[in-house]
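The same chain A turns up in both complexes below, where it pairs with chain B and then with chain C.
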Partner chain A sequence: MLQKVIIVLFLSIVSLDALEEQNIQKVTDIKVRQVLNILKDKTLSQKQKDAKNVRIIDDIFDFDIMSQISLGKQWKTLTKNEKTRFSKAFEKKIKHSYLDKLRLYNNEKVIIKDLKKIKSNRITLETQVIGLDDTYKVIYLFYKKKQTNQWYIYDVELVGVSIIQTYRKQFSEFLRTKTIKQLIESL
Partner chain B sequence: MLTTLYQKLILKYPLSVLIILISGILIFGINVLKLEIDASAETLLLNDDKDLAFSRTVAKRFQTNDLLILAYKPKQDLLSPESLQTLTRISEDLEQLPIVESVDSLINVPLFFSPIRDMDDLINETRTLKSTDINLSLVKHEFLTSPLYKDSLVNKDFTISSIIIHLYQDPEYFTLLEKRNLLLDKQKTASLTKEEKEMLDDVSIAFKEHRDKQRILNNQNIKEIRSLILKYQDDATFFLGGVQMISNDIVGFVKNDLFLYGSTLILLIILVLGLVFKKPRWVMLPILICALSVISITSSLGFFGWEITVISSNFIALQLIITISIVLHLIVRYEELLTLYPRASSKKLILLTMLTKATPTFFAIITTIAGFSSLLYSHIHPVINLGWMMSAGITMSLIIAFIVFPTVLILLKKTPPIKQKKSMSFIPSLTARIVLHDKKAIYIISLLTIVFSVTGASQLIVENSFINYFKKDTDIYKGMKIIDQELGGTTPLDIILTLSDKNSTFSPIIATQEDTEEESDSFEDEFNTVENQDQYWFTDEKIKIIKKVHDYLTHLVQIGEVQSFATLLDTGKVLNKNKDLDSIDLALVYQKLPQKYRNVILTPYVNIDNNQLRFTTRIIDSNEALRRDTLLKKIQDDLNHIIDPDVATVQLSNLMVLYNNMLQSLFHSQITMIGLVLLIVSIMFFVLFRDFKLTLIALTVNVIPIGMVFGFMGWLHIPLDIMTITIAAIAMGIGIDDTVHYIHRFKVEFAKDNRYYFSMHRTNNSIGNALYFTTLVIVIGFSILTLSNLIPTIYFGFLTMLVMIAALTSDLILLPKLLLLIKPFKKSK
Partner chain C sequence: MSKGDLSMKFVYIFLIITLFTFQGCTTKEANPKVNHPQNKPDSMTSDPLSMSTPDDPEKENQTEGFEEEFNEGFEEEFSAQETNTTSDPLSGYNRWMTSFNDTFILYALNPISEGYATILPQPLRLGVSNAIDNLQFPIRFANNLLQGKFQNSADELGRFIINSTVGLAGLIDVATNHMTTPIPAHDEDFGQTLGYYGVGSGFHVVLPFLGPSNIRDIAGITADAYLSPLVNVRGLENYKIPKNLGQSIGIYAIHTINKTSLHLGEYENLREDAVDLYPFFRDTYEQKRNSEIAE
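For the complex of A and B:
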């Protein structure tokens, strides 16, 4: 179950150039298939697959905002230098995790479902991962960046579990007894 | 006044007095039927123990229920069709029993690695040995290696497996208990209204009734399981274990054992009395008085609704000893007077006997009572009860003896005095000669005894191991040992971690720059609202702590089985292609896990609402090197070091802690009590003798035998446990009795000629005989206990004999020696 759900999360993290609202659904659909094709391609080595897949997600995920949310209020206490270092480390962590989970892919199907506009700057996109016995709901959370007016993914929710929330909780507990420096190192 | 009482009433209407007394006792004796013997482990727990309240909360919060363990050793291989069939049948039979909720065994536990499957499949279809297409060699491998099952469900050799019998939790017990305790707490701080008082009475009665009912059900359940086992005895060997069973059952064994050996003891006492005194009346009278005393005290206990517990059960033995001592003193005195005045009338002889013995006996009893009354200051309920029972018991013995003895005797025909053979009473005169001829040996031996006692007592251990109550070659010991050593241990110990709720202590939130991004603020609100949802609870930090604690516990040799959330993490790791589950994985598993699985695998170990983690372990009880108190302190200390106190606090819980608390406080109360008892006894001695030197002598003579008992216990590694811990009280009672009688008589003898040596001789040959005969009767009687199969009974018998002999030696040798040395009596003109 785990593998399937996690794969889908990353399968659908297709590389899109920054999104316009009206393309979100369509482009996501196309890009999911791109990633699926890469994964199914037996001519590629694991390393090559990894490299290609990373490139696909790079633009659509806003890693900066993800880092920021994952640290919560603590973010504001960081110096500029710390913020950069943390964001970098966090991005690396997320990507690593992504590639790791992608390796578990086992021919599951992905269907893009409804798009919902929660408020003016938030959109969710529901998808379904269909395996042999079960179907899981995966929701992508998009926000509209003010400066660019483009949409980016800031979180993914798998079967009701928010990935960023999971990290948020983790980091807040970590920082109870340790420093931000230690956190960056541990990432 | 006493003279008038005897002349005008007791000796005037002996038959009527006797009939009234005996029929009174017998009528009141109906209350014996109400006597309750609560031998359950529950009575051993301290009522005001904070750990008890905590353990109850833990049991409720983590929804644990009591369980019994049945070890199953089939004749064939564990996984052979025959063995599995027997297992299936017995499990089904067990499930039919009324208080059995469920039964877990090889045949129905879920298989996770046979073969290793996707978690999805696991959740959708639980495989067990009953499933089709099961590969038995994979299953065997899983049982032997799975963190969930190895060394607890099966042993290392794969020859024995455990059948775990879950009993229904008794919610009413806790409801009533809580109601009662709430009112009791309120009573302590403020006065209760009339209604509340009534409610408290009602709840207390309801609680007691419910508990008694439950106790009968539990005993019945164990009996039914036992008879069930018998049905399958041809196919396999079974051993029933589990701490509830052991503590209940062992106490039952102790009771039966005491009953069997107790009755033999009475027969032996009769025999020795016959041999010593050679008159049927001197056999009949002590036995009659003992019987009446025991009936009256037990019926009083029944009347007042006092329960006999393990700790207070020894009081009957002590009452028996003191009663025999009282009667034997009377007999010896009467015979002495009879020899002196063979022609005096029976009435005069009896009156003189009673009057001359009244003062020393009264003082001996009152001093002993004063000693025991100090037990009332202990805050352990059974010990307080013991104090009351002892005091009430010996008072009754005194009264009954002083009524029954003269009335029966006066009704009987006067007989000629006994001609004691020299050999029978050679000891008292021998000791007199020893005292006379000895130069320094007595002091040296006394000194050596003190050294022996002090060095021995310093090695005393306070341990209560129910398993070690049995001789190692008995079947019951072997059975318990198998469960203990091969199937994960016996006494449950829980470690509870309460995780801190505090927010980051990292640093106060001060923005380092103008951060006015509204975006990030709106994200804050969005994420804060769902932050506390259960699925996010399983963070890496928590997992790290869980693993650390679990690893620490599994490395302790004193601990058998350890189960916690870490066991599941280990299982999950195997299923996850040997990769640790991270917090995202765990959040997902948690979301997907159906409630019925959460109840089985999460609820016993994780309580998200209270931020608590539970690690369940079982202590290997048969390990003789186990030092329970030290182990508990070490675990607490080590965990306090392993876990940052800002992150979580550690508490130990469950029966291991409660038994230890009880035993430790029993031990400490005994130690402080001994001090208090000695103080009170010295005051009593001073009041009695009105002489500082005599008080000091009496005290010394009493302290040495008590010290010796502890010395022996230390050197022989006999642990102070719930059965042996009352021995000091008994030693005290016996010692005081002997000393008071001896000194009193010595004083009387000394007044005759003011010569210490002759006084000693006369005292030894008169009262010395009474002391000696009492000791002889008790020692021979109690020697039978050493043949028992139960270690506590053996110890009890052995230590009582030791105390009697030590007290007698001290009173017949050291006491006269000190009297001769210090010469405390004033010469009368």
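For the complex of A and C:
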């Protein structure tokens, strides 16, 4: 019983935070500010910062769809167990990499720029990171999930390089000579 | 990013030597060590990571959901944007050179740049970086023109005039940081110009010290070297700052060390994302170039 209540509570929190089309820009902006504030907060330990930052992105990043796209056609050949294990490993890898990048933070400014509707279920949000001697373009790619009608991030493009595409390419090359089991282990 | 700051002769000689030397290696998997740059399990981050993947009872149902999502065009979307690397005749050499460059960056360039960063304060290093960028103006100006981007060329000209004068010979980027309406920079090089007119990338080539490149971009670097005041070319001595190859290399070395000192830790951070170093750098390079050309 208690478990059910917790699940219901958990789900309702998620849906409060989930994205509707009209508030993608606003919510992303709020989340970016939150992350920046955490990074600037000197009272927090690195571990606390990491934990807080992961919580902020958790409900707008769709890690399941990311892991699926990264494997491409190979995904369908996996057993259910392999799928779950791969998704978990991949999610961990992405979060690890994300937190690692945040550690480089050195007072860069972030500007939220244009939102573009590519088609009915795809939206891109361009942001600019202003560093010391350069400005970087970071684009967040959103898709609309059919079952929930909410928007989630399925890829991030840093200076024109798609994170998921890069993994996709690497995985397909890896799997040409090695097995999925080895891939999961190497993540 | 313009890479025209090295004498072409040097690149070619090196390329030819290395090509001959490592021709025999092309079928071998060079240096198995680089194939698996494992990131060690980090006790610092493992905590927040595992706590954020709760054992969600929804998981099972979701797996069914993905299959539907999968048909929503992700596969087409991603395979359409995939970089073309089917032809990679130099892969053996490229792999070797990637690990050579990697070792060079980790054990020579980075320590030197760290030392350099402790000697020169950051504002000064930023000044050096701005001044060198400012001197590369002819490359950006010409290539914007060649692509018919006249407004961008005008912007670049405006930036050059303002930064060279008010910005004290380019040390201060006044046009970006101290104007009510900043004039944006428009980085273009001849490799991008070629790409703009439909020239394909050709196969991938990893250059010593310069890193990932391809046939088209090597042609681009060569052409840009003639325009850059920072690379000596015989017959153009009056226009060029370095008078010989040694000076060109010296300027390039300072530029690279200075640039690295402003981005310490980034390379190590990036390489952690690689499952396999060579394809990782090849693919990120080609993707980045494709998007720069499309801009």
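The working rule: the second predicted complex is superposed on the first by the 171 of 187 C-alpha atoms of A that agree within 3 Å, B and C clash if a C-alpha of one lies under 4 Å from a C-alpha of the other, contacts with A are read in each partner's own complex, and residues count from 1 in each chain.
The rule is short, and it goes like this: a residue touches a chain if its C-beta (ideal position, glycine included) is under 8 Å from a C-beta of that chain, and two chains touch if they have at least 3 such contacts.
These figures come from a predicted structure and were not determined experimentally.
Colleague: Superpose on chain A as described above, then tell me if chain B and chain C fit or clash.
Modeller: In the superposition, chain B runs into chain C.
Colleague: Between chain B (first) and chain C (second), which, if any, makes contact with A:Ala51: first, second, both or neither?
Modeller: It touches chain C, and chain B stays clear.
Colleague: May I ask you to decide whether A:Thr79 touches chain B, chain C, both, or neither, giving the answer as first, second, both or neither?
Modeller: After superposing on A, A:Thr79 lies in contact with chain B but is clear of chain C.
Colleague: Classify the contacts of A:Lys26 with the two partner chains as first (chain B alone), second (chain C alone), both, or neither.
Modeller: neither
Colleague: Is A:Lys40 in contact with chain B, with chain C, with both, or with neither (first, second, both, neither)?
Modeller: neither
Colleague: Where does A:Lys116 make contact in the superposed view: on chain B (first), on chain C (second), on both, or on neither?
Modeller: Neither partner.
Colleague: So in the superposed three-chain picture, is A:Ile180 touching just chain B, just chain C, both, or none of them (first/second/both/neither)?
Modeller: first
Colleague: Who does A:Gln68 touch here: chain B (first), chain C (second), both, or neither?
Modeller: both
Colleague: Share the list of chain A residues that count as touching for chain B in one structure and for chain C in the other.
Modeller: In the superposed arrangement, which is not itself an observed complex, chain A uses residues 65, 68-69, 72-73, 75, 80, 97, 121, 133, 143, 145-146, 154, 159-162, 164-166, 168-170, 173-174 for both chain B and chain C.
Colleague: Which chain B residues qualify as touching chain A in the complex?
Modeller: 118-121, 123-124, 500, 502-507, 509-513, 515, 519-520, 523-524, 527, 530-531, 533, 535-537, 539-542, 576, 583-585, 587-589, 591-592, 644, 646-647
Colleague: Spell out the part of chain C that touches chain A in their complex, as residue ranges.
Modeller: 36, 38-39, 42, 44-45, 47-53, 57, 59, 62-63, 65-66, 68-70, 72, 74-75, 78-79, 81-83, 85, 122, 126, 129-130, 133, 259, 262, 265-266, 269, 272-276, 279-280, 283-284, 287-288, 290-292
Colleague: Under the definition above, what is the set of chain A residues touching chain B in their complex?
Modeller: For chain A paired with chain B, touching residues are 1-6, 65, 68-69, 72-80, 97, 121, 131, 133-134, 143, 145-146, 154, 158-166, 168-170, 172-180.
Colleague: Would you tell me which residues of chain A are touching chain C in their complex?
Modeller: Answer in residue numbers: 7, 46-47, 50-51, 53-55, 58, 64-65, 68-69, 72-73, 75, 80, 83-84, 88, 91-92, 95-97, 99-101, 103-104, 121, 132-133, 143, 145-147, 154, 157, 159-162, 164-171, 173-174, 183, 186-187.
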